[in-house]
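First the structure, then my questions, so here it is.
Per-chain residue numbering starts at 1, and chain names A, B, C and D are given in the order in which the chains are listed.
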Amino acid sequence: MTRTTPQALDRREIARWVARDIPDGAYVNLGIGMPETIAECIAEDKEVILHTENGLLGMGPPPPPGEEDTELINAGKQPVTAAPGASFFHHADSFAMIRGGHLDICVLGALEVAANGDLANWSTGAARAVPAVGGAMDLVSGVKAVYVMTRHCTRAGEPKLVNECRYPLTGRGVVDRVYTDLAVIDITPQGLAVRELAPGVTLAEVAGLTAAPLHDQRSTHRESHPDGNSAPSE
Amino acid sequence: MTRTTPQALDRREIARWVARDIPDGAYVNLGIGMPETIAECIAEDKEVILHTENGLLGMGPPPPPGEEDTELINAGKQPVTAAPGASFFHHADSFAMIRGGHLDICVLGALEVAANGDLANWSTGAARAVPAVGGAMDLVSGVKAVYVMTRHCTRAGEPKLVNECRYPLTGRGVVDRVYTDLAVIDITPQGLAVRELAPGVTLAEVAGLTAAPLHDQRSTHRESHPDGNSAPSE
Amino acid sequence: MIDKRFADPSAAVRDIGDGATIMVGGFGEAGSPVELIDALIEQGAGDLTVISNNAGSGTTGLAALIKAGRVAKMICSYPRSADSEVFAEQYRAGRIGLELVPQGTLAERIRAAGAGIPAFYTPTAVGTSLAQGKPHGRFDDRECVLEHALGADVALIKAAAADRHGNLVYSKTARNFAPLMATAAETTIAQTSAVVGLGSLDPEAVVTPGIFVDRVVLIDRSPQWLDPSRSETGWL
Amino acid sequence: MIDKRFADPSAAVRDIGDGATIMVGGFGEAGSPVELIDALIEQGAGDLTVISNNAGSGTTGLAALIKAGRVAKMICSYPRSADSEVFAEQYRAGRIGLELVPQGTLAERIRAAGAGIPAFYTPTAVGTSLAQGKPHGRFDDRECVLEHALGADVALIKAAAADRHGNLVYSKTARNFAPLMATAAETTIAQTSAVVGLGSLDPEAVVTPGIFVDRVVLIDRSPQWLDPSRSETGWL
């Protein structure tokens, strides 16, 4: 992962930031890609139940090499395990959990997030691309809190936090919070509100890499390194 | 049961008539009351799967006295058993079978059946009566073939087969066939069509006890006593 | 740590308020959460709207709640009972409201609430008094009626076994409405005759995943459900 | 006598015609009815509309069916695959149609077809290109889109075990769309790795009741599913 600034967090550090904010007992869906890293960063003194939309509540860690089961996979089609207390169900029941508002948090990747909470994460609209949406639109319209985990800018250095999404939308006004390699930013009625900064990163740096106005809503007690709060150091 | 005429069938004889016409392998829902009798009249060389809408496919006969289970009942809230190959499910899945057109036949009681197939069987509309509908409206709108099993006339001697129902409807144009103590009558685009008569009963007698025009569509090979075809004598 | 077990029925129903909408599982007596209803009667909440297939049988459970005058309105498919006059008396006296819903539509409306489906079309009841005044639509040349999701503040249900996550299995036809109601209420309270260790329930056979259940109350320990070899230390 | 077993995949798919709409179970390779698809390729039916979450992975199964040019249109949520270019090539060449449906809406539309619900409202996809042109409705101040039931002529699914009535259980996340598709097709064909005696499947744990299944094809006997003590003589 190309760092946005020298102080930018790496993928695992962002994941720890998210993991720290997931409360004990939460039911959580972690999107394919970067958010998958969050699972291994959840503190051992917290019991968080992971949902994967292909029909498993209580997803456990990947199996040891050689013990993979092709019929026990996650939404990213990677081998997983079933934790004690898990249950299997079909897709309609799985999306009843999502659409019915039973999941507490989902964490998704993003192409763009707008200051009003619009999310674009399923299509670049490119002519030759095969469009594929999966469960993203269901998740953003159903889960109680929608978090985005993403690099602050594209590989080309373009801000992903914008005034208005250019890519096709996944949902309108759906994002609650964004975790990037530079900051934790809430979507508020007033727009983007910085809750925390990565260590050594300044508000001016983040503002310079964001294509929408930023409000400073940092409260001293929450500003800390992702390792500093409830998540244990490794 | 008061006989409509001296030759009228008793409840069990009507049930045998219905049972004879249920094909091997059929999925069938038997309504509360008179239709329940049909289950014990199904020939042993036929495998008919009984559905009860409170969540059981593969309903077996009542248990021996003393072996009743209050958590294993039918839609009439009577103790039953589960046959080999049975399955339990919740009410939405149960009515998905009904509404989705997966059941082949249901047999219901009736207050009135109109010549166009309208059925009234859930309410007399009496002011002091507690209205109760249960699954009747779901059954008539979903099951492939809707049969009615009823005495030809009310206890007061009034015809139940009529030009137009006076009682509140359960469904419009839903009945396919009526089995009474006098005859088997199909609902056709032309109205009521007599398929069979009970032994010793004449078409004129039936017509005299029916408040809608009757067509004679008896075919010699089908006219027989309910005991005469595939159902074994007892 | 997730532990949804409550000490007793009273503790589990303590915060139910006047005017609440309450789903009550059961088809007749099969699956009726009698002990939870008893606790609710004791607790005193009134002016309730109750969603249940029936309106009480005999003199216990839901019939007792109605008799105590706590139910302002029933939403059900079959409020008539061979062995209970409780609802009928209040209904005739005009002391209780009734919304009559076809049984399959009732089940589907509850499922819809749990599944985030605000409304759906069904052919059931078209052309009858129960569809009057509702929006209609035609699909594949078939007239259908629009029915709305039916949710509740609280669901009271009965399971055969539970674990501390709230995973539930049921017994035979006592399952009926419970798995649906569990999904459709803000707070789902399950009474059970056995609490088993986490991991004791077969993940392929769990009927209600714990995500739908908020509180579990053990009423009676049925030994056949307990398997000490699989029980999790400290959580049986 | 009910016996839904067919001798082999070829016999089970023999009557599928050109232009048929076919549901194919599976999420990626988990639950993919590969042997039934192979038989369908051999059988030769073309101009098919295929409803499946994905559009094939690797070079076998659904990918092979598409590569053989038999599929005129895909209805799915995620036709992109890390390990298969088959769909992408045909799509870019304009040789295959695509109706893209959000995964949960796809599941719910299939369930609706099986449950006799012709249409339902959902908040999913509102405000996106996938909801454009569809009727909308507002419920509880939330904008929703009307989605229609999605049925098929045939469903090809994979189960872990079956009995001669067609009762099915599945293996872990291979369950995915199969129980829904079984309810939504005129003819449901299940391949299974075990056929057990009637009564061997726990009635509390049957996932797909036999009423939804028309044909059962044994592909491979997995010894762990067989319990001779419970098998019905002659029907194992």
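In this text, contacts are C-beta pairs under 8 Å (C-beta built on N, C-alpha and C of every residue); 3 or more make two chains touch, one makes a residue touch a chain.
Bear in mind the structure is a predicted one, so any value in this text is a computation, not a measurement.
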Joint neighbours of subunit D and subunit C, given as chain labels: A, B
Chain pair, A-C or B-C, that carries the greater number of C-beta contacts: B-C
Chain located farthest away, centre of subunit C as origin (C-alpha): A
Computed distance of Cα centres, subunit C from subunit A, in Å: 35
Chain centre separation in whole Å, for subunit D relative to subunit A (CA means): 31
Inter-chain centre distance, subunit A versus subunit B - centres from mean C-alpha coordinates, in Å: 57
Multi-partner residues of subunit C (at least 2 other chains): 108, 111, 115-117, 122-123, 170-172, 203-204, 207
Junction residues of subunit B, two or more chains touched: 82, 88-89, 92, 95, 98-99, 142
Touching pairs - complete list by chain label: A-C, A-D, B-C, B-D, C-D
Residue numbers on subunit D that touch subunit C, as the complex places them: 108, 112, 115-123, 137, 139-140, 142, 144, 148-149, 169-172, 202-205, 207
For the subunit B and subunit D complex, residues of the former touching the latter: 24-25, 27, 47, 49, 51, 57-58, 82, 84-89, 92-93, 95-103, 142
In the complex, subunit C residues that touch subunit A: 1-2, 111, 113-117, 163-165, 167, 183, 198-199, 201, 203-204, 206, 209-212, 232
Subunit D residues within the subunit A interface of the complex: 27-31, 53, 57, 77-80, 87-88, 91-92, 98, 100-108, 110-111, 122-130, 170-180, 207
Residues of subunit B that touch subunit C when the two form their complex: 52-56, 69-74, 77, 82, 88-92, 94-95, 98-99, 128, 130-138, 141-142, 168-172
